[in-house]
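Here it is, the structure, as structure tokens.
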């Protein structure tokens, strides 16, 4: 099926095309064409797959040449990384790239004779990832064209390398498609490393000291995961003479092969770094220095999901094992702690970053438990999170371009100043936590599954974490809707058309998802579970479904209805209460010197209560310790 | 089928009757408080008089949006209560309840007035305090009965309180917070003289305040109703027992209300999480072990 | 502005019985900056002195404040008596002490109530005020007024306390003491109350000294300054000891005031013991004040200074009044630094503010 | 634990004992003797001297001597009792019972009875006559004195002239 | 046409008083007098208040505050002046800083004299105010009936660009 190859190769080639185009206008058009093509191709793939009766597509059994390209690609990557490491005097990081690459090369050339396997394998999960990567990635590129124009305008201090930036985005999409469609672990490893390097390059885009520093942190953490991945693959290859991902899981779940424990643990460990779980979460926060489209695309909607993707695949194999326990703990803990730290942030992007880490944590935990219900929850969480985070990141970026800051405090009364952007933001946030929308139903089933699995820690993490999660989201929403500090000055909405297109698509998607949850669950996620576990549980009982539909109807209809009643109401509008010293409107009061003073209201951040910095260090130490202990237990048990 | 009708009647009874019951309880609380303070106190129906008065006043508002948010708040509150009394999924009910809280937060923060906004933030903190306890309650319930459906209690032979004493404790603690009983009346107090003036209701006058009161009555009945879940079982005597227990708890709450200073939000957060973690957590552990 | 909020606090605010305004800058709920503003209640009664004759002006001075109006009257007549060298009869001096101490009790009980209210303890507030009514009844019985007494005159007092009244006062005081002890246990020992008072608004001895704090505010920080130690009126005969605490926090201030209630009860008892059974109520006063005099009185809130200056005319030329709260406002600003918003009412109250006297 | 809910004993005691509330207005107020409520006047004893008017710190009072009225604005009076103290004939007194709240501030005027007024008028007339007589007498005396002085002065002047001549 | 008189909620503002009357107002609420018997609640919030209770006279600085609070209260409302100071300025009437009694700034419906006004007297004042409150409420209902369906008036002060000059005007108005 050539579409699959097209999906990998086209973005790759297009990346170079974009890179080569010097003219901004032409490049923009080229980018539109590129993203349109990608979305269309994903659509075609999806239709083909559906036509095929949704049975897994397995392709490319004999790939002598391709394998050589893959190996060559690995080596090129290694060289690039080594060069950059030397250029910026981070010599030791290059070791993390050189060692696994050489090991893999040795394994491929000198290693055991491997069974013939399909190299591309598209099942429900891969298809889902393709859809997410294709649609969201395509839209984000559309957005990026407009955004980077504004970015270049607002930040003349940075060299304008838009061609490089857009090119990298395409390059990344190529790697991402390759990653989710590959069955061969060797291929997976290459694409894995490629995404790491893309992320690294994008973080360093502005070439400021901070950016460079952060980009190398991201690099070494991801590469460290890569090392674990490579070791896991090689170990598995030597033991079983196959490098097919599905074989690994099948051998583990059906044959109960003891040698699978170690590779699974190592690959899961690698996934932890990619999914930015504690103690590796710092790279994701640092990644926020990159221009917004890359944050939206790589650092929340898709690349970090690669970790989740791997873990979800491994889920059946992890169920009930020590690895599963470790992953669940790390995920649950990250969910809880990151949400607490998010409370202390006022920078919109940082809140989004911490919330990403936190939500990824929940997904990781879901995968770690490995029960059908939790995987169900994990998959839904992933879908919702991808769309709403992408929406939110883009929206914060657009807002920043309009009001010159992305501090949430400065978004006070945004609904009256920039109604369109604020509405999009509202939708995105509501989708993230508000009952009965999307994420919440997933939490519901995650909680139930955790109880079923008697995982008390996870129960507590979810219960407390969801309280803190709603705290920071709610206060953000509150900021948007509260009356402005200024009197009625509406700002000019300078959001570009292409940005709006992307935002609108996302918002519509978000709403559709919220409404269609039951449908998606029935039609897509349940078959996915059957494919993965061979059985499925009716996760959403009918009663809950009905209730949910009623609640959704209410949550939509009641405000609308009462809004219209309220408009007609005979009401006398009074000044707000300011201890009797208003100055005639709601924005100022008479201060102690008899002068008018502007009222200013801020949210709570609990900085002095939760000490985000200490908390972060504490969690890093704790999770490192847990990882060390559990990994050595796993390794000790396996050897 | 019979049962469905039975539960539908439960919901209807709640929707119609809760305001009156809530109003009476409110009045009783004020009267009882007054007697504890050595005075005669208002008539039992005082909250009703207040309610009627508020509806009869000139409709004032500081922000038109507040009315529609408050209406949504009220409707959602009624809905979560009705969901509960019709024996629906408990966890879902509580999630809706937390959305209800969010709407109250919106109503308080939308006018951008100093005290109302600060109170809104505190309201949100309160939510963080009680939400874990409430969610854990449904978890405990699920563990004990194997379902989230509240109606399952009627098929139990023993009252759930036997299995879930810790959950009850932390739920009661959460209830103190939710009912704005001193020492946890940090966002709004039923008594005057709050450091935040009237807290979240600062910018609510006349009809808006009436809506808020109405929602509070619904909430009160709902919350006391949840206590009954711990007591009820398949025997009819348990209904009496549940009412009795509710009365005792009502009295204790009034007593607590009158014997404590308002704590700061930090203490409230620490205390409530500690209580929830300890009581519910230990109970949860035990339940999971014996399962 | 970042994460800070700028909000007005007062002048109309339910926790404040009197109007005072603070511009507050808070972060979360921590106070970053607090700028007070007064003047909402300023009347300018000192300016009336040249328009009223010195006898009549007493009734104006009494209304400086409705809480310890007796003390203000007392300070004023002392300053006039000082100028005119009037010897006040002994019985009148004892009567003055009795009333002054009972006024102090009402003031402190009232303060306890307000403070309880500030930390949201309504029933404790009511209990304190319930007891306070009993003292007020005694005041009304002896002076004819609940808050504004008008029993003083230059040279003595206008009313006498009959033996019947005296007996009733002593009986009631026993009961009041018992009830107050029962009630104040809650202030001193209750856990929830302690979380709101202990360590809140600490004013060290040095700070108290530097900002010139006075009254219970200073005494709670370990400074044993009490004008009654000077022994004006009959205090010198009563073996007066100031009540002092060391911690300087809100709890210590509460403790000092509570103990002063009991000290006052004791002083009233002693005063009745030592009081001459018979005697004139007032000395005759002839002529007009000619000269100047400073009188210093210990009001419930601390040292009040009365300055009168006359030049032989019926009207004073000048009257000045330095009130205790005025001196303590500076201490308030000191304690507000870095406090929590929820503590603001408590901090304002623990200086026992009397804005009406501060602004006169 | 003993430090939690310390207030409960007091609260419970209150709950089970009679409320302390005075049931005003159902039960009237019990004033102690000598309570300062409002000013009463025995108007017929008043001599309209105006001492009270001059002594009142709020300027509440006014007196019309000719009409024989004494007016008080009870919404201005602060019940200080200074007027009572100053009244030379002690016709004022301060007694329990306060002025009822009203929709309007109104002053109250007390009118002396006609007999007293008449008596006063007579007295005044008598006094006037007396005064006239006295004045006449005084004038006559003055005149006589002046004349004497003038004479003396003239004599003295003559002497002075004489002595000057001597020098 | 509901019975509103059973629920009078107070807003107490302390003008330039000596404290005496404020304390008596509060004493009215405490157990010995317990005004809550008549449904009285001391709310600190003008938006929720029915009866504005002013103690003390009015000076330059608090006049705008009193006016502001009065304006914020929803109709029907009743204003009660408690104490001689609030009625007419009392002993401070001639002080240089005083504008006079509370009626110098807002219309007063009930005058409660006394220095300090006794709690019983304040309660009488509340009773009188309550009757007036009921009467006005009935009138208000009538008005509402006649104006059904019309959009409510908007406070002209809201959302107008405001600057220092405007504030000065307010102060000036208070002075005048």
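A, B, C, D and E are the chain letters, set down in written order, and residue numbers restart from 1 in every chain.
Throughout what follows, a contact is a pair of C-beta atoms (placed from the backbone, for glycine too) under 8 Å apart; a residue touches a chain by one contact, two chains touch by 3 or more.
All of these numbers come straight from a predicted model, not from anything done at the bench.
J.: Which chain pair has the highest count of C-beta pairs that touch?
T.: Looking at every pair of chains, the most contacts join A-B.
J.: Averaging each chain's C-alpha atoms to get its centre, pick out the one most distant from chain C.
T.: Chain A.
J.: When you average C-alpha coordinates per chain, which one falls nearest the overall C-alpha average? Tell me, please.
T.: B
J.: With centres defined by CA atoms only, which chain is the most remote from chain D?
T.: Here the answer is chain A, farthest from chain D.
J.: If you average the CA atoms of chain C and of chain E, how many Å lie between those two points?
T.: Averaging C-alpha atoms per chain gives centres 28 Å apart.
J.: So, what's the distance in Å between the C-alpha centres of chain C and chain A?
T.: About 65 Å separates the centre of chain A from that of chain C.
J.: As a quick test, compute the distance in whole Å between the mean CA positions of chain A and chain B.
T.: About 37 Å, centre to centre.
J.: Going by the touch rule set out above, which residues of chain D reach two or more other chains?
T.: Residues 5-7, 11, 14, 19-21, 57, 78-80 of chain D each touch two or more of the other chains.
J.: For chain A, which residues are shared contacts with two or more other chains?
T.: 569-575, 577-578, 580-581, 586, 590, 599, 601, 603-604, 609
J.: In chain B, which residues are in touch with two or more of the other chains?
T.: Within chain B, the residues that touch at least two other chains are 36-40, 58-60, 62, 114-115, 117-118, 192-194, 197-198, 202-203, 205, 258-260.
J.: Could you please write down every pair of chains that are in touch?
T.: Touch list across chains, by label: A-B, A-C, A-E, B-C, B-D, B-E, C-D, C-E, D-E.
J.: Taking the complex as given, what residues does chain D use to touch chain B?
T.: Against chain B, the touching part of chain D is residues 5-8, 11-12, 14-15, 17, 19-21, 23.
J.: Quick one: which bits of chain B touch chain C in the complex? Just the residue numbers, please.
T.: 33, 36-39, 114-115, 117-118, 182-183, 185-186, 189, 191-195, 197-198, 258-265, 267
J.: Can you list the chain A residues touching chain C in their complex?
T.: 346, 407, 409, 578-581, 589-593, 597-609
J.: Of all residues in chain C, which touch chain E in the complex?
T.: Residue positions touching the partner: 11-15, 17-19, 39-45, 47-48, 51, 59-60, 63-67, 69, 110, 113, 125-126, 129-130, 133, 146-148, 354, 356-357.
J.: Contact residues on chain B for chain A in the complex?
T.: Result: residues 58-65, 67-69, 71-72, 75-76, 79, 83, 88-89, 91-92, 95-96, 98-99, 102, 105-106, 109-118, 120-121, 124-125, 127-129, 131-132, 135-136, 139, 142-143, 148-149, 197, 202-203, 205, 266, 269, 273, 277, 281, 284-285, 288, 291 of chain B touch chain A.
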